[in-house]
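Naming follows writing order (A, B and C), and every chain is counted from residue 1.
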Amino acid sequence: MRRDLPALVLFGASALAPLTIHDGFLLDSLILILLWGAVSSAWNIAGGYAGQVSLGHSAFFGLGAYSAALLATRWNQSPWLGLLVGAALATVAGLVIGYLANRLKGPYFGLATIAFSQVLLILASRWRAVTSGSEGIPVPFRPGLWTLGFSSKVPWVYLVLTLAVGVYLISRYLETSRPGYQLAGVREDEDAAEALGIPCRRLKVTAIAASAAVTSVCGGLWAQYVGFVDPFYVFSVDLSVRFALNSIIGGIGTAIGPFVGSLLITSLEIYLRATFSDFKAGLVGIYLIIYGCLLIVVVRFVPQGLVGWIGERARAMGRYARA
Amino acid sequence: MPPRRGMVIAALSFVALALLSVPLTRSAEGQVLQGEYKIGVLEPLTGPLAFEGKRHLEGYEIMRDMINERGGVMGKKLTFVVGDAVDPTAAASEANRLITREGVKIITGTYSSTLCGAASEAASRQNVIYWESSCVDPRFSRRGLKNVFRTEIDGTGFGWYNVEFIAKHLAPRFNMKPGQIKIAFLSEDSSYGQGVTEAARDRAKKEFGMQEVAMEYYAFASTNDFSPIVAKLKQVNPDVIHHIARGNDAVLFWRQSREQNFMFKALVHAGATGYGSPDFGKALGVEGNGPFVLAEPSAGLRLEAFRPEAQKLEHDFTEAVKKRAGTEPYASHRLAGAGLWLLKLVLDQAKTDELEKFRSAVMSLDMPVGSTLNGWGVKFAESGQNANERVQHYMLQWQNGQMVTVWPEEFSTLRAKWIPLGPWDQRK
Amino acid sequence: MGAVPQLIVSTVLLGGIYALIAVGLTLIFGIMRVVNFAHGEFLMLGMYLAFWSFTLWGLDPYVILLVAVPIFFGIGLLTYALVMRGVVKASHNVQIFTTVGLSTALQNAALVAFTGDFRFVRPWHSAVVIRVGDAAFNLSQVVAFLVAVLFTAALVAFMKWTRAGRIMRATAQDVEAATLMGIDTDRVYRLAWAIGLVCVGIAGVLMSPLYSVYPTAGLQFVLLAYVVVVLGGLGDMMGALIGSLIVAGVEVIGSYVFGSAWKEVIYFVLFIAVLVFRPAGLFGQRGAETLGA
């Protein structure tokens, strides 16, 4: 229970926020923090808990975004249905890539996932008949719960919060359950795990598929929130990197890590962009330089992530205090 | 997890959230400081579209200064607050910020079709007016949104004009009927290229019965060699090539066509990129003679064809751009300038930014071609789209290292040459 | 039939360009086992070096080539000391994200410093066309190809016959054994990194007359380079050269037959197929990919 305290604080504060904060910009920031946190947490299922560091998760995000958008525009269905369809498609995609890339380790795995996401990008941007090609899909805004159209930010906060809590609980499940322990074994030492009779391939592929499904749900919600699906963005390598990034900075393989990472990175990004936008246009890129350098520094000196680092500090403090 | 670590993390999260709100929580400033009217401007200022976004913003700023010299908007000084819309998420987010933090009631921008979708969605959900001056995605104005307007032509318009030129101006001069023309389509595959090309293909086939002999999309960023494409096109022997290029691909294709002695009667492009960029002339000089570009006017424009007030506007704008940017106005400057000027006209008439009155003022504008900057007229449809026929576009041609205006003939002092294109080394 | 000679010529020349980029990457990947996501940005820097030298001082890219070698070697040493040294022994995630951070920082530094405008380098030779029978090609392309081949040959010779080369290969095969044998692995890595950057920097200079120069120019080539490198086998230089030809061939012939819209799909699918069936590449040792961790 104590372990979940930070999550309780974070999610609790998020739940209470709309009651006290009415500023649209802050609420929008909160929604983005929670959304990116949720996707990163989904990535973490494969990357952190199963040890499969994927750099192509935007493939699943894009599948979810397109499913929601296409079902809403072409076939006039509710985007909720789109979320389900997207999850189904992404599960299949996850199974495929998980199976194909099963023997690959480290950078090879990462490269395979990148290639996969880029193939989907090309398909989406060329298959005009279905996806409108490079022009992307504007997602219509129809007010109502069934059509996921909310003009106020408040329902979005709670919607994304529910998603975030859901993914968090999945991660916690992986920390305390038998399949989770087996997965940890696969992650730490696959040969030993294999020797112990753990079904490594099945576990890895399942983890990737589950991760894919949740990622795609996030993509579907994103499409409804932002209102435009651009293939070059939703399938981009930049986006894949972002998902992995939040988890790594926050603490890979921990349940709260991705959210902490997202809190830091997303708010920093929003804050810096808001501050620098009014400068002479040429100087605006400075915030991205800061971002890049920060990444290098954090990843080098705090490789276990913020959560891990805080944990160590706290333990050290504890030891000191007791002595 | 030992209690301590949990507490520390909890405490830090709280602190982080609190700290977040401190710098970001200023009281949302009032919309109007005495005598000023602030609007939001969203542009891609970082990322791959940055150089175009920057020019677009520059056009806005130049026109804003011109407007302030001419009485401002609604009698107040026009000021901007700028947001960086680097991708759709940022576009929506920055739109939100400009609305909630800066209190703007009108947002303009956004250069790119993929960004304007997200930005206008965000604006419309908060009942803020969105005044688009550049993106061309046809679906933009078909969403039934009452507060979304666009001053620039609709993407189908580019393809429309191109085919118009090919069918009505070129075909007779080839001694061919439009239906006899063999047309090859080549295009970079971004949303712009696809939008224009598909509209052109549609009109070419349905209205004129032209024979489409090739259709090739390519990825601008990773295509560094057109020889396979040129080889393929040579075999189908097109009369006209409709090529939408984005940058150096125009130079590459033209050069490699020359290297392989690929002969065709004309090449037509649309837009300020690729063949429409001054860089094409810089790269090829007189070897670049021949291609037609649908774009905003340039040298050879017959200003006398404009109305007097438009002539003055055109002249002042061109001078201001030359002074600030050191070049003739690029298309992005012109699109921003024209869009902002039209906004001034609307606001001056409506005297408010309240939606109903704003809309009536928009719908009431009705000026013929030649009335304002770029020789545009204005007439908005109910959908908020400025009529394609009023957004006058011009066909330019590369002649001797320069793009000159050659069509429509009443607006140009110069005429198109080399119809059809002769041997490569004889186009002088 | 007339198209075939042109296709062959295009393949060879394009392959030369890809080889130049891939050779540096395969060296870094092979010896340091680092996926260098910032590789494309160094290519971009090479292009800008050529651009600014040409624009400000009228220097031809081929002249700049001589200066580029020490400049990029220096940049390599600097970035190694500042950024890479600390993460060479770290986990893959750390390495990947370090280079990703480097990539972001460099791209945006270029954007801020040079603006996002597309730039071009147009020396006299970029317009010179050489015709052989039915095929036509460009002098700049030919030179890029020749330099690529020369460089690769020089590197192969270096790796095979010099002491330093042998030391580097030994380190690549087994780091611990190398350390036990008294090899200073830090110096090996530093050298590999610096040489890798020199290769890609030179590639940038040579390519500047052929492509647009802009801050995100590296992106389009980096993924391609990875396809080449994996196809040819990690750390194998000859593999990189042959892989380049194969990928270039797929691209050229694929564009011709299927239309250029689908050519990237073809080589990405090829990439995935290689990764699945023969991840060690055509020339790598079987099973090398499982040692990748």
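To be clear about the criterion, a residue touches a chain if its C-beta (ideal position, glycine included) is under 8 Å from a C-beta of that chain, and two chains touch if they have at least 3 such contacts.
Since the model is a prediction, treat every value here as computed from it, not as a measurement.
**Student:** When contacts are scored as defined above, which chain pair ends up with more C-beta pairs, A-B or A-C?
**Tutor:** If we tally the contacting C-beta pairs, A-B comes out ahead.
**Student:** Sort the other chains by how far their Cα centres are from that of chain C and give me the top one.
**Tutor:** Of all the other chains, the one whose centre lies farthest from chain C is B.
**Student:** Using mean CA coordinates as chain centres, what's the gap between chain A and chain B in Å?
**Tutor:** Chain centroid spacing, chain A to chain B, equals 34 Å.
**Student:** From the C-alpha centre of chain A to that of chain C, how far is it in Å?
**Tutor:** 31
**Student:** Find every residue in chain B that makes contact with two or more other chains and list them.
**Tutor:** Touching at least two other chains: 46, 50, 54, 189, 217, 219.
**Student:** Multi-chain contacts in chain A: which residues touch at least two other chains?
**Tutor:** 122, 126, 282, 285, 288
**Student:** Two-or-more-chain contact residues of chain C, please, as numbers and ranges.
**Tutor:** Only 108, 111, 115, 261, 264 qualify.
**Student:** Could you pull out which chain B residues touch chain A in their complex?
**Tutor:** Those residues of chain B that touch chain A are 1-10, 12-14, 16-17, 20-21, 23-25, 28, 43, 45-46, 50, 53-54, 57-58, 81-84, 87-94, 96-97, 99-101, 113-114, 117-118, 121-122, 124-126, 137, 139-140, 143, 189-191, 193-195, 198, 217, 219.
**Student:** What residues on chain B touch chain C, complex-wise?
**Tutor:** Residues of chain B touching chain C: 46-51, 54, 189, 215-219, 221-225, 227-229, 231-232, 234-235, 247-248, 251, 255-256, 258-260, 277, 279, 282-283, 287.
**Student:** Write out the stretch or stretches of chain A touching chain C in their complex.
**Tutor:** Residue positions touching the partner: 53, 55, 100-101, 103-108, 110-112, 114-116, 118-119, 122-123, 126, 241, 244-245, 248, 252, 282-283, 285-286, 288-289, 291-296, 299-300, 303.
**Student:** Name, in rising order, each residue of chain C that touches chain A in their complex.
**Tutor:** Per the stated touch rule, the residues are 29, 33-35, 83, 86-87, 90-94, 96-98, 100-109, 111-112, 115, 223, 226-227, 230, 261-262, 264-265, 268-269, 271-272, 275-276, 279, 289-290, 292-293.
**Student:** Using the touch rule from the top, collect the residues of chain C that touch chain B in their complex.
**Tutor:** Touch residues, chain C against chain B: 2-3, 6-7, 9-10, 13-14, 17, 108, 111, 115-118, 120, 122, 127, 129, 131, 136-138, 210-212, 214-216, 219-220, 224, 252-253, 255-256, 259-261, 264.
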